[in-house]
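Here the structure comes first, spelled out in structure tokens, and everything after it is commentary.
Lettered A, B, C, D, E and F in written order, each chain numbered from 1.
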């Protein structure tokens, strides 16, 4: 079972590394969207600093959202998803493997580059650490919850915007707590509460979301 | 016959029914497949062959009736069923970005099978893909891509093959290959269910079920 | 007349001919880049006087400005080569464009980072949303886009044409980006950013700067030829002459 | 430097801007090295690939 | 030729209306993204007002970006694009028809709803008019330029993020001028310059972008 | 033969060459097709049939050689060529969200043809889709979807048909239908080029070109 997890994870990672440029794409999208704001709103340092946590979190959220169809879309279209469902291994394990691969390829890079963007947006150094931490806890939840949405919409052609519609409302709590943590940290206050909340949500989604995703996939496959 | 639980059937359906949109595709369909039997599902375009095969695999739920694997309801013995069955649908299941070899490897991985390299090479040679093992699948023609699946079937060593239009895109040699594969499989005691529009001539006894004409296909 | 020129161009741009000629040219470019570079570094680090405003930090200029110039220059080369490839179907031009992109991206990156490193002592921040900085950042993204497109299309010919078209569209946009960013900045920007007020440059600073800029051009010339030769080998790998050549190596 | 005695430690100190100046120069050096090395590696890879292709075709040719 | 334009436009519109829910999607995405900001950044009216033009413009841009693969993706995948290229009509006309349909289905709704969002974000009434005008001039450019990007990336699997990478840098001038116009109008100043610029860019893109798109499509079809 | 401009050929290729990745698929391929002729392109999987047909249509550029429509280079007479030629590829060209009728209408629209409704109904009846005209295409089986294309071909009334595997997913009646369509088309003076792996028996004289075996197919 662990072997099945590992194999699928390895396949997805291999597939991603095969398209090396693809690897960097969510990252670049993230950086691009963040940098749209100084251009569209203002280059003024003070105002930017104030907006920074929110803007960075919203951009991270959007770039995870947009990379979500990586999760099952292709597998659905070429029939591999059918093969996965016909695997003797429990579907939940396979879902977890796919989500893990997705996070390693999109969430993790965002976490790593975020401090740099924080720097560009004048986030104070100590808050930058909190930014990373909040993203580290938050982005896996985005992938996990996103997987439910993708598995529901994967059969719908042009599901991109439909997906956002379904998923964004679910993302909002993470967004609020994540951005707020950074905000509060910029003011030099303690962020224990926010971090605990994010941790709790993460624990909950790891245990529940794959189940929901597996059910959703079975529904989708029944075409 | 379909009610004797003692029969050595490996796959059995009871009173299957499938409705799509408003139309009843089939109902009361009872099929029994024993080990070493090959069954062709016939029927005109749109008669419900693909739908039936997906129901047999457990990918789609029947609107009524049940599917039994070695006498037990499929949903109860999923793991065992899926370890012994292989399904090849209309869709290619091939990742254009992976090489032929990697594609086969990852297909086998989903079945938790690991197969030594030389065995894979043999299978590739058999399906006419020798030398293509490190070519990305997207640079293959449509027929070559289908041949990857044939190699997968060979390597999976499943007892039951379910194949939807296995001859799609294959040239004459490809068709002959599938025929010989089916024969060998049958000789080794395996069973198969397939659909095809393009006359496959098997020099062995082969049952067939026709959908669409008689409303309740029985056999 | 025209026909003769065309014939000559075609002969010269035949991959094999290019491969032979460029093999002879590379050492010259490389050696002169090295000599000029060492001379420029010596002049810049040891001879040029300390700036009375910026102290020693200004010595970053000898890296930063040549890199910034190269970033623009290489994009232009890339776009022109792409246009030639697209219009006259000269494969060699596509290869030069493809070979230029990574080098251009590296120079852009260098200009950004050295500018940042310079900005910290000068402005107290690694980054400000100044017009020139922003357009340089966008330029980096244009390079990335070109490379991403080039590498994500399998068929080489299609990849060349598609990314070439993108380079051309990008070049139409560069002035628009430049002016819009500039204009945006002057509208928004109050005193937050100390503008680069260009010091009337001391001749001892100007000379190493120009020398370094020239060295950078020669360096680019050498590297782009090496890369283009790789492209030639890769794309002509089925031709007899490549096979014979490779056997010998 | 201007006339005053040259000292290496002062030179490396860069009037307090050592971090910025030397990391810029260091980065530039790195970039130059990468740009020299990577095409050379690439060349080796291409040549190896062509050689492999030649070999493969030679062996295939015997089969046919 | 005009007939060909009209027929294709009608087909695309009919296709969109067949999936009625799809129609509203870019709109809903737009509204959702805009409303993330009060949640992520601050509910403070003053700050919101300051951010509003930029945020609304960025969101409009993103929602056009995300709906771009509507333009050619499906047609490419099901082979209809091949049929279009084999049409006796000039490809440029067909491209224009498709872009027009895209704009009517995504850009126009955004233009119409923007004042409402402006209201939510405390944009002053007079600037709200400028917001609409700037979007009216700007969104067609987004569709036109986007078409070039889509036609280049349509053959690339999972081109979504690649598309953003290619297109976003090209969108930046529009973003800057659009957002800036609203900003300036909020301060009660004249926005003639910005509007003229947007108009000029629109004129230029209408005349050049379809040509580039047609060339790009021919390149893409040559597989 | 291929060099006499006076021949009444409607499509002609001269010294066509196609290279994919590293492999030369064909070169020096010269074909002449006269009005009323039917030509089958044969070849094993991966021999380059699809590539050739796409080159003939002008969708892909040949690596060398030229394609002539009624004696003139295709790129110069695009409009005329496309008004008189119809290409059906591997892909379905069908919008799942449009009904059968709307699909046909919009396919005809791309050719700037408007056809009265009863004529469309006739064509639908002929291809066995009578009564399906207001069913969304996504609720059709794979074979039914291909039949929409057959109706499109009938209605387009092009002089030259270029068809890549027209028998894909069709049942036995479907195959017979295509055969009779080709016969009628030929009798009316039309020409056709097609590929297929599944023996199509035309009771008329039919030329064929085989790719892959002889390096330079001539006829």
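Please note the rule applied: contacts are C-beta pairs under 8 Å (C-beta built on N, C-alpha and C of every residue); 3 or more make two chains touch, one makes a residue touch a chain.
This structure is a prediction, so every number in the text was calculated from the model and none was measured.
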Interchain contact steps from subunit A to subunit F (minimum; 1 if touching): 2
Residue-number overlap at the subunit B/subunit F interface, same or different (half cut): same
Which two chains share the largest set of C-beta contact pairs: A-E
Gap in Å, rounded to a whole number, between the CA centres of subunit F and subunit B: 31
Distance between chain centroids, defined by C-alpha means - subunit B, subunit E (Å): 46
Intercentroid distance (Cα basis), subunit E paired with subunit A, Å: 25
Sequence positions of subunit D contacting 2 or more other chains: 53
Overlap residues in subunit F, where contacts from two or more other chains coincide: 22, 90, 97
For subunit A, residues that touch 2 or more chains besides their own: 19, 21-22, 25, 28, 32, 39, 42, 74, 157
Parts of subunit B lying in touch with subunit A, wherever the complex brings them together: 54, 57-61, 78-80, 82-83, 85-87, 89-95, 97-98, 102, 106-107, 109-112
Sites on subunit A touched by subunit C in the complex: 19-22, 24-25, 28, 32, 35, 38-39, 42-45, 48, 119-120, 122
Contacting residues of subunit C [partner subunit A, same complex]: 125-130, 134, 137, 141, 144, 147-148, 151-152, 181, 184-185, 188-189, 192-193
For the subunit C and subunit E complex, residues of the former touching the latter: 138, 141-142, 144-145, 148-149, 152-153, 155, 157-158, 161-162, 165-166, 168-170, 172-173, 176-177, 180-181, 184, 187-188
In the complex, subunit D residues that touch subunit C: 1-2, 6, 11, 14-17, 20-21, 23-25, 27-28, 31-32, 34-36, 38-40, 42-43, 46-47, 49-51, 53-54
